[in-house]
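Each of the two complexes below includes chain A, the first together with chain B, the second together with chain C.
Moving on, here comes the complex of A and B:
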């Protein structure tokens, strides 16, 4: 048990130190990079990071791939938009609508989950897509509430009135706070009994039930949890752009991008969707700003290659390689051959 | 009653399946089948392929609904309860094709089986306290796979998976354990290990109901043995009695006409 001891000792020091450094970088970022493009890209990255982490806490942990979480994003966006206009709120006060947007997202997720989670695998994916289209069509057709095709539009200055030079900063810090909070909860879930139950459902739902896991309750709990941060960043996104229409609020490409982020970084891991969002969203924004189709095709090809070479995602593969390398290095120093236990030592972090 | 079975103190019926029928389309998988498993017994359930053994397990554990009939555990009706409820009431089961959680570690597999006992109001509380982990490691020691505790369960060999499945059914401390072909596809020395573990657990008070095709294993371990054929119990009793029962020989070797056909076909 030598390996276990030294491992816990090293991670006990390394992990909090690394997290503190990342948090400091996150807090300092808009103070260092004052350029509006840099903070704009960072806000989008944090919004999608929150979405990807929340989505992964349901889909990644449980194996139920949802392609309908844009339902919650769009609902949050429309809610904040409508409430702001109706109640005439301005400035930072509007951010207090975000928890309400989150509650709304969670409330919508209850009936959607109760219906969709009755089926598994491909059928579940199809049903989430069906729900997505129902909500997008509602946004198109409930014109008196949503504004129909033209959507909701508020002139930014009238609503917000922030100083131009630091206009992005409040949005940045709210997005940063939401991302950090969502990652923290996703991490807590991953190591909790709840997370263990979700991963058991992913591996073999029927077997999990025979061991006393209340599968429906657990799945629904994760589904509802994952909807809350997504609806909150939806609301934040509306307030940042101050425009939402059915095509942008309920955008199917967002659902695909989120899944791609989680798959790239490592489905079901805590760090995976964070890394995926950090790679994909800035790249996407850069290419979008250059409006070059060649870049787009290179971007697509790059992801094809990564998914083909690293089908489990970057984080699990890298962790495994690191574990093997460390076991070999240790084996040379201590024993003649690496013990199998030392290799499997890291396996706990992979799943 | 042999002296051996008397020693096992079969003092009351723990699990009773009463006149259970189950049809899949036109196939009558179970036809008014009745079996009793006494407390403290190692009961065997045998029968030709397709005679309804696994269907019986599925009906008991809530994976299939009985068309008619009742299942009793300790005198209490549990017919058609959901699998998680059946488990909570104290019936653990393994599957014919072992069903473990391959992308979780062996220890996490054990903790999943222990989780139903945790009564925490905080859903984010860490899985498996020190006591749960210690108990899990003790059971892995018992089945001899504790050195693999941190390995992914998917990397275990077939026999080790059987032992893991047995270990995590034990975590929950069920009253009765249903084993579906514990010796199937396992090498002979491991079969003896598994039989030894079952005897040890039985000596400590666990009741077993075992479906198995390996006759040496069943005859050496189980008493009583019940024989299913076309969904009906055709014989029940100690191994020697069942072994020599003409109805059982018929069921396994076919009727006289079948034998004639076989003989002419072979000739």
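Moving on, here comes the complex of A and C:
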């Protein structure tokens, strides 16, 4: 009892301190690494981190694997691009379009979710892929709005009015803010009754329903929530690159990369997709800068190795090992008596 | 219209075969092979390389490509898919087969480049003319049957016959069906489930050799074409009901014919037919046309 108390007291201090250190590193990063390549890689990493965390808050918590979230990313990108050019907005003002892009993403997610969430497992995966292709096809074919194959060609009236040396910084801080906000909400969801209902659906949907969980309402709520940040980073991504065409806005590789990030870190945990994005996106960007297609194969091979060697992800595996190690080290008391299953449950809650 | 319908039915047979491979793999192993699309393209490139470099007729080339694809399928199952365990096995099998697809795609880009190619052959552009005739009270205008479609449909029917006879007339086929019904029970009565899974995956991939040959003759293709194919094939197997070979055949014939008909007046929107039909059918019947109820359990 005594050990348990002191342990929770030490983690109660350690965790906020750790989070503060991470936040400080995040804020200081572009001030320390002023190199444009470093900030560019960081912006992409934060964009995909936000996407992975939001995706995980739906797919990881509920067990419904969506391979169609690029629908929201592309919609956010096209919306921001079209609105910026049409309304002639410039500079930092454009960032205020991102909440609107998020609303649009959420609004698209309602009908898509109502249709797709009627089916489960493989069928759900395939339906999300089908929606993905419908939206990509719309982007190709609605030429008067999207510019067809060539995408949105007209650049915004004036790019952001900052000095070249620190040009990336506003994008970095907006991406950082979106990532932090999304992680915070994903964490709150996981701790809430809503998050518990989602995990009950993941474990056994029919039993959850029989216990009074409104499965459709809960699933749809999580689906819509997860669409909003993805559409927002889609808009940010457009403003950063000022280019979007159907192939890059609706890119199937992104959908799978996101799932891989969550799997690498630990599906259904809060920290998992954050860690996954920090590992995978910089690796991908490094591979991408190589001229040949070998990077493509190396990426696929890396992908295979991760899934085969770490099927449960880094965070759950590491916390479980840590829990076992601590139980052995203390050697007695409640921890030693706890079954491995109880420890891994605890580990999952901590993560 | 008659042209579109016959093209749809003949072309649909080839898609039916590729989709049957996908749905067979699902039925036995409970996984979806996302790599099926790029495997078709790989087979098409194999036929292409054989005909360009060794001057082997694509039809004769099947004698080489079918065994090669079979061995590749068995290897992929043995090396990667067999290793997956646990609750997230389904999702992980999607990612593993996608990773295999990414590797193959990269290799194809590296070897053949991104420029689209097509397999040239004597029967690529030849066709048989069918004169107009009266069917009941409707006048059917004359139309052409492309030889390659006839050959493809013939081969697909032959392959279906082989698959059917294997499934329903051999001991191995019985063990496949037993594994589809209940994996644990099959293991208990002495069926080597791992061997069944590997061979089924091999068969499911081997049919892509045939599909790839026909696809390569009728379309210009590059490594990117795999995405187009897999999205069509997935729509077909879901519409037919996962695990149902007959369902895959009906769905393929329906989808490809519908696409050909829409293609007559709206070429840009023809492929949206696949997804629109899929969404509408699943609204009415979430397990697909011939799917089993169990497929819905989470």
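Following the convention adopted for this analysis, the second predicted complex is superposed on the first by the 312 of 351 C-alpha atoms of A that agree within 3 Å, B and C clash if a C-alpha of one lies under 4 Å from a C-alpha of the other, contacts with A are read in each partner's own complex, and residues count from 1 in each chain.
What we mean here is this: contacts are C-beta pairs under 8 Å (C-beta built on N, C-alpha and C of every residue); 3 or more make two chains touch, one makes a residue touch a chain.
Everything quoted here is computed from the prediction, not taken from an experiment.
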Original post:
Where does A:16 make contact in the superposed view: on chain B (first), on chain C (second), on both, or on neither?
Top reply: neither
Subject >> In the superposition, chain B vs chain C on chain A residues touched >> reply: C
Original post:
Between chain B (first) and chain C (second), which, if any, makes contact with A:91: first, second, both or neither?
Top reply: neither
Subject >> Partner chain(s) touched by A:195 [first = chain B, second = chain C, both, neither] >> reply: first
Original post:
If you stack the two complexes on chain A, which partner ends up touching A:213: first (chain B), second (chain C), both, or neither?
Top reply: first
**OP:** Could you say whether A:111 touches chain B, chain C, both of them, or neither, answering first, second, both or neither?
**Re:** neither
Subject >> First, second, both or neither for A:204, with chain B first and chain C second >> reply: both
**OP:** Determine where on chain A the residues touched by chain B overlap those touched by chain C, and list them.
**Re:** 204, 206
Original post:
Which chain B residues qualify as touching chain A in the complex?
Top reply: 61-63, 82-84, 86-88, 93, 95, 99-105, 108, 111-113, 115-116, 118, 120, 123-128, 147-148, 150-152, 155, 168, 172
Original post:
Which bits of chain A are touching chain C when the two form their complex?
Top reply: 63, 65, 67, 115, 118-123, 125-127, 129-131, 133-134, 137, 140-141, 201, 204-206, 252-253, 256, 259-260, 263, 267, 292-297, 299-301, 303-304, 307-308, 311-312
**OP:** Show which residues of chain A lie in contact with chain B when the two form their complex.
**Re:** 185, 188-189, 191-197, 199-200, 202-204, 206-215, 221, 340-341, 344-345, 347-348, 350-351
Original post:
Contact residues on chain C for chain A in the complex?
Top reply: 26, 32, 80, 83-86, 88, 90-92, 94-96, 98-103, 105-107, 109-110, 227, 231, 234-235, 238, 242, 268-269, 271-272, 274-276, 278-279, 282-283, 286-288, 295-298
